[in-house]
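Each of the two complexes below includes subunit A, the first together with subunit B, the second together with subunit C.
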Partner chain A sequence: MSAARPLDFDAARADLDATARRSGALLTGVAAADAFDAAPEGRRPGDVLPRARSVFVLGGAQPRAGDWASPNYQHMEVTTTSDRIQTIALKMAHVIEDRYGYYAVCVPPGVDRGQQPFVSIALAAELAGCGSRSLAGPVLHHEYGFMYYAAIVTTLPLPANRPLDAPACPAPECVDMYAEAGTTPCLKACPIEDGGCLGGRIEDARVAERRYDAARCATRVQNYWVPGFQHALKETLKEPDPEKQKMMLFSSLFTRTLWSMTYSNVSQGQCAECMRVCPVGSARRRKQ
Partner chain B sequence: MMSFFFVDPEIYRKYKDEVLALSHAVQVDFQEHLPKDQRHPALSDREIGERLGLDERVVREIRCVAERDKYGVEEFEAAVRFKDRACRDYARRGMSAVMKKYVDKSKDRGSDQSE
Partner chain C sequence: MADPEPVQQTRRIKEFALAAGADVVGIADPRRWDEHVPEGCRPDDILPRAASVVVVGTRGPTAGAWRSPDHRVMEVNGYDFRNDAAIHRVADLIEHDYDRYAIQAPGLPTAGHLPPFSMMLAAVLAGLGTRSLAANIILNPKYGLLYYSACITTLELEPDPMLEQDVCPHRMCVESYRRFGKTPCLAACPVEEGGCLDGSIDADGRIDHSYYDRERCVSRAMNFGINSFQKALADIVAEADAERRDTMIHSDFFSRSCSAITHYKESVAQCFECMRVCPIGRAERKLQ
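Coming up: the complex of A and B.
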């Protein structure tokens, strides 16, 4: 494409959407870079890339229906990561720079030195109309339910989407269940008042309150990952008896943690029990 | 001389509860889409520092350690048992067992999202 010719931004958007989907993305959306008012200072698109105009969001890399149906949750520990969608995002960043001549930065899927996201990819997905936040936390799409997202901050001024008018969560079934039982599938699976991570309230078919214990969730989602490793190492270093220390070092927890750390260098979801019971998108998880 | 920066344990013990309470550790109505009068975003490390009279870097270190320190290794063992139980239960009974009558009701209404 000639740099001298005025760029048709609608056509560029359509091209990027098509390229991303051909590359394996399930859906795409665009958030305006100046729409991130609710994000903390230092974690907005302009903090990642000066003169940022758009955030191109890709969703996909869902666990397979078989993963959800398996009685062995450990499958998901190694097969559900953000790597796959991030790979497509890296490709799309190249496309934006090489084909259109604008800056493009992939939002890193991990965390910064303060253990916090560089830019909230969940907020980007929500602003780009790719889904809405759920009571359990993840952004859910009406039809597809849970998926991984990646985001590219760019100076390319793409036509932007709007957040969804109606949230995907709570599903009608969950509204009915809450009205009668005072809970929902995700709250029942992981109740904050009984050793879990999630609490909340539904009013007028909308989430009216949400409570989330992030530290406990880390013990489950990052069970055999960096946090688990740090704890296992701390306990092992305290042990004065060399024989016991060997048993700890070679234990299943320590060993599994080390294996797991080699599977993914970015973001790894080792617990999905709140999503396993979620009715949003469940029709797509039913196979023969 | 320190080999790398870390917080003095005394300082950590003194401030960890306050820092955790002001941070993202337990999120109550944290989500960005909520109306401003309903939303309770956590304070940033800089804001916590201003409130407690600490440097931002010290707050960040206290918060990072406290987030990890909140639950011990036994909670990681408990997580394994929790996931084993929840996953096997779902594989055996499916979601319908959890909320079958609500799914049926939703089907009656013509919902396309039910199982």
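Coming up: the complex of A and C.
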């Protein structure tokens, strides 16, 4: 990089988009770092990297059409994670620093104290125009539907995208279904009034209200990851009979909770039913 | 079949390693291990007829991650396994294109706390760095702290010379030691004030002696990993009050300990303070 020549930020953006896609990302977007007003203080890009100007967002690594088609629902539990997109993001952070000489830091995929994200990657994806929040919760892309996202905070002032003008959710089919039946495929799959996690209302073809029972969802989605392990451990230690306790330690549940925490590529989420019925991106999930 | 000339194949393998993500690459002659480690820990003990050891180093955290005011960012995001990925590709290339055995050298402990093969020693013997006052971390003259992986192979390659000049102490640190009796790393974590490091520099500006309290360092650097998990689990199992035990299991501390032992890109170390103040490689971490 020549110090004498000013950097062409449009060209840098095009180069980063192309590099990320070549590396396996399905889509990219950029959010301005100062657009995160909706995030609480301490959880904004500048809190992760001083003088942050942009947040480069990558999307992809979603379950393949074949994964969705598998009649064995446990297949999805052990093969799809956000790891792949995070790996690309870690590489892209180095690319930004090495190629353009600006600071870049990946938003950690884990959580900070109190189980709070460092910076909401979902909000970053929305602000970068990669998708919009759905009734079911995940950020959905018009064409691809559900996917995993990763984000890089950088001091590089990249040309930013805007949030989508028209949200990806509700899909026209869902608007029609709601008008007829008062529900949508995702709300029907997991109705909050019937022991499920999701509720909501559509008005003028837009989501007017969204209800999501996160605690209930976690007990169903995270059966075999850290929360599953904690639960299994709690029950095992509670057991006074040593023989029974030993059986619990070697049980399928306990074994799988341990597998899911190790380097065995077990997904952190074991329920994808609201996404399975979602029409957004469903065309991409159909193959021969 | 690739060119059999050691000089040319060495050049090709080095270029390949750099393209695969390594920041530095060096080659060591396996006979160099003889004077440093006992039988059983030498390249030939791991791969019979070992003829060369290829060592790669990668930077791990981005310059942006070093600048983050939230120290947790480095804890969760510091390490991206690029060195392992690069060395696997090198090993694949050697077996595929040169028809010689090649394995990733085992860097993790298989019994006790000692690895079967020291990556630190491999990096020194491959001419990539020298030991430092800061916890004996191997510092590379250009980048400072690096993460290393090695490949042991039966392929004959041209070894690199070991570094003739010590990387640590930096001349700035020699000056600081002469004025204040401390270097930046020793001042950051002084053993006489409850820290982990001590040492002295002789009249020639070389390390005279160094002291590193590994146990103390582990208790600080590894707050969320296998060690903290074991400690927390021991406390949980010993807790007689079931209600208190449940609280401990679902505490932030135990949740983060569990998260840290998963393949969730959590770092295995949570203290970088001796490296944060180290002047070696600092120029590489200064960006826009």
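A few remarks follow.
As a working rule, the second predicted complex is superposed on the first by the 281 of 288 C-alpha atoms of A that agree within 3 Å, B and C clash if a C-alpha of one lies under 4 Å from a C-alpha of the other, contacts with A are read in each partner's own complex, and residues count from 1 in each chain.
Convention: a contact is a pair of C-beta atoms (placed from the backbone, for glycine too) under 8 Å apart; a residue touches a chain by one contact, two chains touch by 3 or more.
Here the structure is a predicted model, which is why all the values come from computation and not from measurement.
Shared-chain residue A:Leu49: touches subunit C; no touch with subunit B. Using the contact criterion defined above for the overlaid structures, shared-chain residue A:Gln115 touches subunit B and also reaches subunit C. With both structures placed on the common chain, the touch criterion links A:Pro6 to neither subunit B nor subunit C. Of the two partner chains, subunit B is the only one touched by A:Asn223; subunit C is not.
By the document's definition of touching, neither partner reaches A:Pro240: not subunit B, not subunit C.
Of the two partner chains placed by the overlay, only subunit C lies in contact with A:Leu90; subunit B stays clear of it. With both complexes placed on chain A, subunit A has more residues touched by B than by the other of subunit B and subunit C. Of the two partner chains, subunit B is the only one that A:Val277 touches; subunit C does not reach it. Contacts of A:Pro40 after superposition: subunit B is touched, whereas subunit C is not reached.
The contact surfaces that subunit B and subunit C form on subunit A in the two complexes overlap at residues 113-115, 230, 234.
Only residues 38-42, 68-73, 113-116, 120, 123, 126, 132-133, 142, 163, 171-174, 176-177, 180, 185, 188-189, 195-196, 209-216, 218-220, 223, 227-228, 230-232, 234-235, 253, 270-271, 273, 276-277, 279-283, 286 of subunit A touch subunit B when the two sit together in their complex. By the touch rule above, subunit C contacts subunit A in their complex via residues 21, 59, 62-65, 67-70, 72-73, 76-77, 80, 82, 236-237, 242, 245-246, 249-250, 252, 254-255, 258-259, 261-266, 287-288.
Within the complex formed with subunit C, the subunit A residues making contact are 47-50, 83, 86-87, 90-91, 93-94, 97, 101-106, 108-115, 118, 153-156, 225-226, 229-230, 233-234, 237-238, 261-265. Of all residues in subunit B, only 24-33, 39, 41, 44-45, 60, 63-64, 67-68, 70-73, 75-80, 82-84, 86-88, 90-92, 95, 98-99, 102-103, 105-106, 109, 111-115 touch subunit A in the complex they form.
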